[in-house]
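Here chain A shows up in two complexes: once beside chain B, once beside chain C.
Entry: the complex of A and B
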């Protein structure tokens, strides 16, 4: 009986994966169109200041094997992508996919780490009133959560740099100060902290989780649990904690990725956001397309995890699929 | 039936504060009840008369503020005797006017923590409760079998999970669920309302409590299922002889299951006595409210002659705005010139009109 959720989960996974494939197609096409119609192109940037004629440009394109029409360009890219070949960067000449994977892992550290920070701050603030009733500390903590969520992340980043590097000289990385304390290995915590605090998600987690938990704690079945001497929290956990948390985290992944672009700039973090920024400046089309696809995959992965958790937790959802 | 009192409720007050109307809901105002070892006490009354709130007050499960604000709930069983509202005075301050509580200040969080400590060993173990609306009262995320097993493990000596599971299956059989082994693995939504109520009953009885509180066990079920649940409760009562507080607005259910009856109206007990004296009284010496309730039971002649069913005139008392006199006065059809003035201005106390039969009505006062 413990494995009763395997089949619904497999069905759910299949459905979500099919949706993801469609979505990637759509995302790549839209991004391609936007790039195509935006001014500038990689070759004019590549050959900048070299007094090239239109003829030379055309020859360069031919030499690099760029198809002539926009649709054949897209289909050419799509065909390669399906086979796992994301092309090579126009700027660096390196293959795109290994490069994205290399920096993508750094971004993963940053985003997952910051999500943990967000939850560590938001969950206690959200649940303490349900646990201990209204205390005088609730209000200031909630205000803190909302205030902090309203701070722009780049500003917060510079404030952190100012405090920890400029003022206390804890880390040597910027401005050429030498560290007086042996904290350098911990430098990576700084951007994680900044993104975790400043990604604007804390207030949403607090509000959503608090609403859901206090609603569920009022449910009849939680009262029954208390009447038989069981812990209300244990019975409210699935509906009041697990489901809302996965919901909000999945919904917030795009925002966190967006925040990562900024934080990676501020902290010189070698991640996907920086790569994307650089590629956008260079009009490095293959890199931009690759990043768009990988970012869309990140987001889909979040939604997929949320769906799977929901189906595993909620027996009714799996039952409905079977019928 | 021994004469040991298991539960004695004295002058219980449970209020709510209706923020939107800036007024108190006097859900329970001065309830006195006693339950003897082995008996079934039926608590009868219309919706909104404070029956459920009384039960929840006993369980310490009133979740709306300010909740229980004064009174005494003495619970004694298995050598254990304590006031479940011990030290309540330290958490509540109230102002009385003419003997009625007019304003309350309560440290609800503090009292909540205190209740959890007081009730820790009692809730579930000593007092178990069956709720109305069984389908929403069972955890939808957990199989019904596991929910019963949990009750066994929490409240009895059986801690081993395999044994507890056996015990849960045994209880599923006891409450007459078909193929209990299959049902064990069902989630509540997969079961009918009647089955869910059987599961609730099994879950409450699995703890082998000294006192069972059944709050409207038949409400929300089909008429045929209701009859079956009542039958089941009667059988279990005959075998287990569990002391029960049965709450219902259904006189049929109360009449079949109870030994004694308390009739509640507007948050107060209006009449109490043995089931014969109250529901099958020959000389009609009842509280006018009980008489009116009894008049609402459809009889054969109603159906044959197509006579309109009786109903009590007016609405259930607005517990936010209780008049000074008798609570039932505005709807009473037995008021006469002799007592009219008293009815309007003063609320009578319970008077023992025959041994064990108490009525709160001026009709039974000579002067």
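Entry: the complex of A and C
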């Protein structure tokens, strides 16, 4: 690895880290605003059904250490969160963060696995016309990508359950918290497959990859490589494959996380999405706020990785603000 | 002087892409996409009108306990009946009401705000652009469904609240499209010519940028936006938020019918699922086909 890599990458990394920190601050502010303007904040929930005058309410706030102004409330909450104190769940009374981390691991398996499945389907469809030109199979494959992207993922889940569990009995039938101790690889496979096929991003991945690859294959440097007998694929790999893939994966993380909420519901999967669903049902603010912040962390981490890969492949980019 | 102005005006008109030749040059496959998309869109609109006029084959709420889970075609029920003996076709048609008007609201929010911020970022540039891009990135940091669940928990599971969030989360998308378009147009001479002619900023932005050059972009964004609205609405009503039984929505029809899938009564959840599939497919194909034709993506 040449040394010239290091400086632009470090510069870019620093800039992106600063931007990420700023964005996460914004995220926390948005989440706080939603809570602040909600009709029943946790404080009024505490006083529900009790006749209190505004004055006693004020005194109670003072006694409980709830700051008076909105900005000191925000800073109080933010300070707690930075220290890892996301509050306690209204429903279970347990601290929020350990719970989110515990189930977040399961969601991580699910989303990363399904991303791999999506790419395994989309990449061959995208690259086959670039390699072989227009073949008769090209159109059916593209159509397939469109169809699969429009599938409602919850229905796909039931169909997979019907086919693989009910008809062929390939997978254990029990999904859910009870059997959490015996998580077999088989147990993971079906939800991952369903989310990978049905997350609705395949057609966009195909489209993006195909456009970029066919553009890069027409560039001068690839033509030169071809002319001197070198592998066009090797020369097109970085710009035509690595960059678009990281771009589209980073851009689709929010989508996949959203799909995970639904798929976890279908399979009774003990993950973050199901926790979010339960929290929304119970109006359990601390939990859903924590999940929103953690999910935003996921998304930002993906974007950060994408930018770093981009700069490593193309150090010139650190001079450009926008591509 | 007036002659020169007329000449310049004429040169402004030349840059307005004449749509007729575009349709003639379009690839057959794109025309097929657009044709299928338009068919689906007209079907949805027609069904919405029929549903609101209550012009249906059966009463969607009427239970027929002698005809539980009748297969398609039995006793005048074209698509069969569900687990309470209600006509599935009528419920499918009425189910469109769950997303149609709220979806239009979401699209209107996304396009209006996206255009305002896109023009601000693209035409002004500088600090305003940085601020707008920051806000766009901020909204993009949230997974949409998680943000919606947050709002549901904090306020109430009302479809209009949900659709406002869907609209707001679509703003960065429209914004970046409009901004990209303006950055592209800025390199062309005609905006410079318009500025040199002393046209007001208002006229340049609304007439020459937005009306002449961003029309197709709005239509495409609205079409793709509707696909997302349907996806979100059906997912949420599947999860039990949004429209509640006995009012039909495609999402809660799939959900309530899914229990009978394992018994082999597949049409209960499959018909609404296929309705979702083909409708979203239609909106996707319409949007992408129009994108290929009007924005010339395939010509490269």
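For the reader, a short list of remarks on this structure follows.
Operating definition for what follows: the second predicted complex is superposed on the first by the 261 of 323 C-alpha atoms of A that agree within 3 Å, B and C clash if a C-alpha of one lies under 4 Å from a C-alpha of the other, contacts with A are read in each partner's own complex, and residues count from 1 in each chain.
The rule is simple: a contact is a pair of C-beta atoms (placed from the backbone, for glycine too) under 8 Å apart; a residue touches a chain by one contact, two chains touch by 3 or more.
Just so you know, these numbers come straight off a predicted model, no measurement behind them.
When both complexes are overlaid on chain A, chain B and chain C end up sitting side by side without clashing.
Look at A:39: by the touch rule set out above, it reaches chain C but stays clear of chain B. Of the two partner chains placed by the overlay, only chain B lies in contact with A:313; chain C stays clear of it.
When the shared chain is aligned, no partner comes close enough to touch A:120: not chain B, not chain C.
Of the two partner chains, neither chain B nor chain C is touched by A:137.
When both complexes are overlaid on chain A, the residue A:21 reaches neither chain B nor chain C. In the superposition on chain A, contact of A:257 is made with chain C only, not with chain B. Within the superposed three-chain model, A:82 lies out of touch with both chain B and chain C [touch as defined at top].
Counting the residues of chain A that each partner touches, chain B and chain C differ, and the larger count belongs to C.
In the superposed model, A:159 lies in contact with chain C only, and not with chain B.
Between chain B and chain C, the shortest distance over C-alpha atoms in the superposed arrangement works out to 7 Å. Within the complex formed with chain B, the chain A residues making contact are 1, 132-135, 218-230, 235, 238-239, 313-316, 319.
Taken together, the chain C residues at the contact with chain A in this complex read 29, 134, 137-138, 140-147, 149-155, 157, 227, 231, 234-235, 238-241, 251, 254-255, 258, 261-262, 269-270, 273, 276-278, 280-281, 284-285, 288, 297, 300. Those residues of chain B that touch chain A in the shared complex are 59, 61, 63, 108-109, 112, 120, 123-125, 128-129, 131, 133, 136-143, 150-151, 154-155, 185, 187, 189-190, 200, 203-204, 207. Touching chain C in their complex are the following residues of chain A: 19, 22-24, 26-27, 30-31, 34-35, 37-39, 139, 146-147, 149-155, 158-159, 161-162, 166, 200, 203, 207, 211, 215, 253-255, 257-258, 261-262, 265, 273, 276-277, 279-281, 283-285, 288-289, 291-292, 295-296, 299-300.
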